[in-house]
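The structures come next, written out as structure tokens.
Shared between the two complexes below is subunit A, which has subunit B as its partner in the first and subunit C in the second.
Here is the complex of A and B:
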């Protein structure tokens, strides 16, 4: 049954997945353009690292997009069919949800592999100065983990009803409004900021998205 | 009161002068007496300045005196400020030794953001107030006091040292977030990616190159710290807008090393900027003072005409290569966190992903 679910999810997502594969492959290749020049001229190292750092913002964004698209498409057919197909299956809900989750997570491997291959190609094509190192495998692994977290969040939200998603969005909106209201009254309570810090710092769920995402680094 | 002090100063000056006229004096003795007079005059001016703080004296202010450090704070905040003053003095005296006494001449006024007494009135005889934010910690108060007090000590050091490290604030060296304890990871990146030849050689482990990169050795910095390519880039980065030398600049850019050397010698700075930045140099100074103990700063200033490597070695009480080796090891150990997520973060991501999946199992759908 898992095979069937995996196959149907592949059919639903193959087009966006293809675009994501291309993007994942191209990202390290594009980001490393011009890096070889720094291998020949030490005066270009700083500029090269700075350029790589700018590209570094795109990796977590792409990881988030991969997770979002795969998680959304995992549930889209069930939502459209009012879950009749799922209810007609002779399996308990938890089993069905786990199979859906597993199928989406399996498809997640493809963009990670594409990024890894792209990073390896970029590394082989670049002559680095001796003080710099390439991190193709670790970059791909981190990309995979970030995509997995994003996939998990969106999967959990999408698994619920529209009402649940609405509650979550309303909750976030209420927090923002409360912050604006308190700011207007002159209170120095920065709970949105501290909430964000808690989300992106250990043990927050999005810690993996932060830090330096550079294929070549010291 | 002021007239009495002035009269006392004049009498003291006359007495000092009179003691000097009774015997033949050498130039050195004359200079010594002149220095003594200048010091006395400065002390009198400072005392007058303190006495004439009438606008502040009219307010409920407290004077906190710990060691030689004099801090004026509004009465409502003085209890809060006291531990910070204590900590600041302790750092000053540990770092600057006997020279920390120089802070006595410049009382520090603290201005808390929300103090009951409001803003203390400005006074031409005092340094501008040191602002303390609301709910500042002891460390923060100490750091701000040190930033206000350190220049009074450091401005009296020799020009060679001042040029090498312009602002060695005590808190940067001794405080809870001091540079010797938490080395910025940028220093490793600087050492690893710097284009200057001496820095690259230092990264590879050559200690003599480290000395040149730090700007503490070499008879002729223009020739010893840089090679021909470095000099051309130095001219491009630092001397492009040097007045009346545009033709020489163009010749230098075209690859004429002699023109680059001449251009660097024309620069207004007596010595070129060393290849490694001021923060890396500050770390070396911090390590030297740390290793040398309480009188390290005095030893550093003892021989102002000696080369900096010899002075730092004297301050640290160890051979300069041992000091440089220690400095290099600390910089290399401060390797920045690269893309490699640590194991904890990786397992954290897996755990969160699984947790979200489990949350999906408990969805309200189908209930």
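Here is the complex of A and C:
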């Protein structure tokens, strides 16, 4: 059963997955090339790190995109058929959801591996100054974890009906409107900001997306 | 008599406008049960409740001995289902759809699936999104049959299909039933189709079961009578008077249910004359039944 679910998942995502694979492979290679160019001219470590840091924003963005695309495609075919087929299959609902989740998560490994290989290639191809070290495996693991978090969150939201997704969006919209309203009235209650801080700072679930995403660092 | 499907006191509500109330239904094991009703009567909803796709507010559903929705996976493993609308993954090829489906059914019969592929002239490499309505109908039936189910639940399986495809699909169905003694629950508003193949009939309208009886009783029991000098008030009739319409002169047309020949004595007793007894076919009987059901009670 899982094999077939994985197959359908692969079929639905193979084209975007190919693009994501290429992007994941190219990202560390390009970021290292930029850093090398900076280092060759002046051999200034700070300039090299600054160049790497400017690429650092792209890693979490790509991880989020990988999670988003895989999670959305997991449910799109079932949504199109109003879930009738999935519900009429002789497996408990939780089992089916788990298999769909597992299939998407399995495919998630491919871009992570591509990024890891890209990072290894970039590391081998770059001559680093003695004070810097390469972190290809840690970067790939971090990328994998971020993609998995994004995948998990979007998978859970997508699993619901459009109505549920609407409620979630309406809830977020209401929070933002309330904040704007309070701002307009001159209140200094920054609950949207504090909510965001809680989400992106440890132990918030999105902490993994923040911080330094560096292939080479001190 | 054992029952493949038993529903008792079922209550389900979808929104404010549609409700299924106090539904009771019994499908004898091994029967071909025709589930009739106009569009919007609640047939598809009843089927989805029966298979555990929807959850009722209250009531009891037992299918093949298993409580639904609690034991739905076990029940679904032994049930072939053809839904009203094609529901398969459109981006798969026919072959991929077969493999996907087969993986979930331990009793899947590849040999027979291959035979049906040949009989139905289906191209394995064709994408489902490229199949015609007829081809999709045949594929849905193939998937339901090749899992060798004990119960087949078919929701308008031939609706919109051309006569040739309809014949192919029904032939495959009847062949399977004759071999396996499976129970078939077939919903349709194509009354003539059910008349030919079903031995039990249930009629649903506006979320309620109007009638449930053997097909022969349904067909033979509903008659059109031409009555001369009818009484103004029919009184205590031995049959169910569904409707009466004035005709020419002192002759009225009565539609009755539960008619048997000795009942003609009733007319002598009330001073009326029975001129004619005409058999109604299933469609006419169905229409009359619904018409009576829909007459508001004063």
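Note that the second predicted complex is superposed on the first by the 208 of 218 C-alpha atoms of A that agree within 3 Å, B and C clash if a C-alpha of one lies under 4 Å from a C-alpha of the other, contacts with A are read in each partner's own complex, and residues count from 1 in each chain.
Operating definition for what follows: a residue touches a chain if its C-beta (ideal position, glycine included) is under 8 Å from a C-beta of that chain, and two chains touch if they have at least 3 such contacts.
Since the structure is predicted, the reported quantities are computational estimates derived from the model, not experimental observations.
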Using the superposition on subunit A, tell me whether subunit B and subunit C clash or fit. fit
Could you tell me if A:116 is touching subunit B, subunit C, both of them or neither one (first, second, both, neither)? neither
Which of the two partners, first being subunit B and second being subunit C, lies in contact with A:159: first, second, both, or neither? first
Per the contact definition in the header, classify A:131: touching subunit B only (first), subunit C only (second), both, or neither. first
What is the value, to the nearest 10 degrees, of the angle subtended at the Cα centroid of subunit A by the Cα centroids of subunit B and subunit C? 150
In the superposed arrangement, does A:139 touch subunit B (first), subunit C (second), both or neither? first
Counting residues of subunit A touched by each partner, does subunit B or subunit C come out ahead? B
Would you check which partner chain A:25 touches, where first means subunit B only, second means subunit C only, and both and neither mean what they say? neither
Name the contact category of A:80: first (subunit B only), second (subunit C only), both, or neither. second
On the A-aligned overlay, A:151 touches which partner chain: subunit B = first, subunit C = second, or both, or neither? first
For A:1, using the defined touch cut-off, is the partner it touches subunit B, subunit C, both, or neither? Pick first, second, both or neither. second
Look across subunit B and subunit C in the superposition and give the shortest C-alpha distance you find, in Å. 5
Return the residues of subunit A at which the contacts from subunit B and from subunit C coincide. 87
Within the complex, which stretch of subunit C touches subunit A? 51-53, 73-77, 81, 83, 85, 87-92, 96, 99-100, 103-105
As the complex stands, subunit A meets subunit B at residues 42-43, 45-46, 49, 83, 86-87, 93-94, 97-98, 101, 105, 129, 131-133, 135, 138-139, 141-142, 145-146, 148-149, 151-153, 155-156, 159-161, 163-164, 202-203, 205, 207-208, 211-215, 217-218
Given the complex with subunit C, which residues does subunit A contribute to the contact? 1, 3-4, 7-8, 11-12, 77, 80-82, 84-85, 87-92
Could you pull out which subunit B residues touch subunit A in their complex? 188-189, 192-193, 195, 200, 203, 233, 335-341, 344-346, 348-350, 352-357, 359-361, 363-366
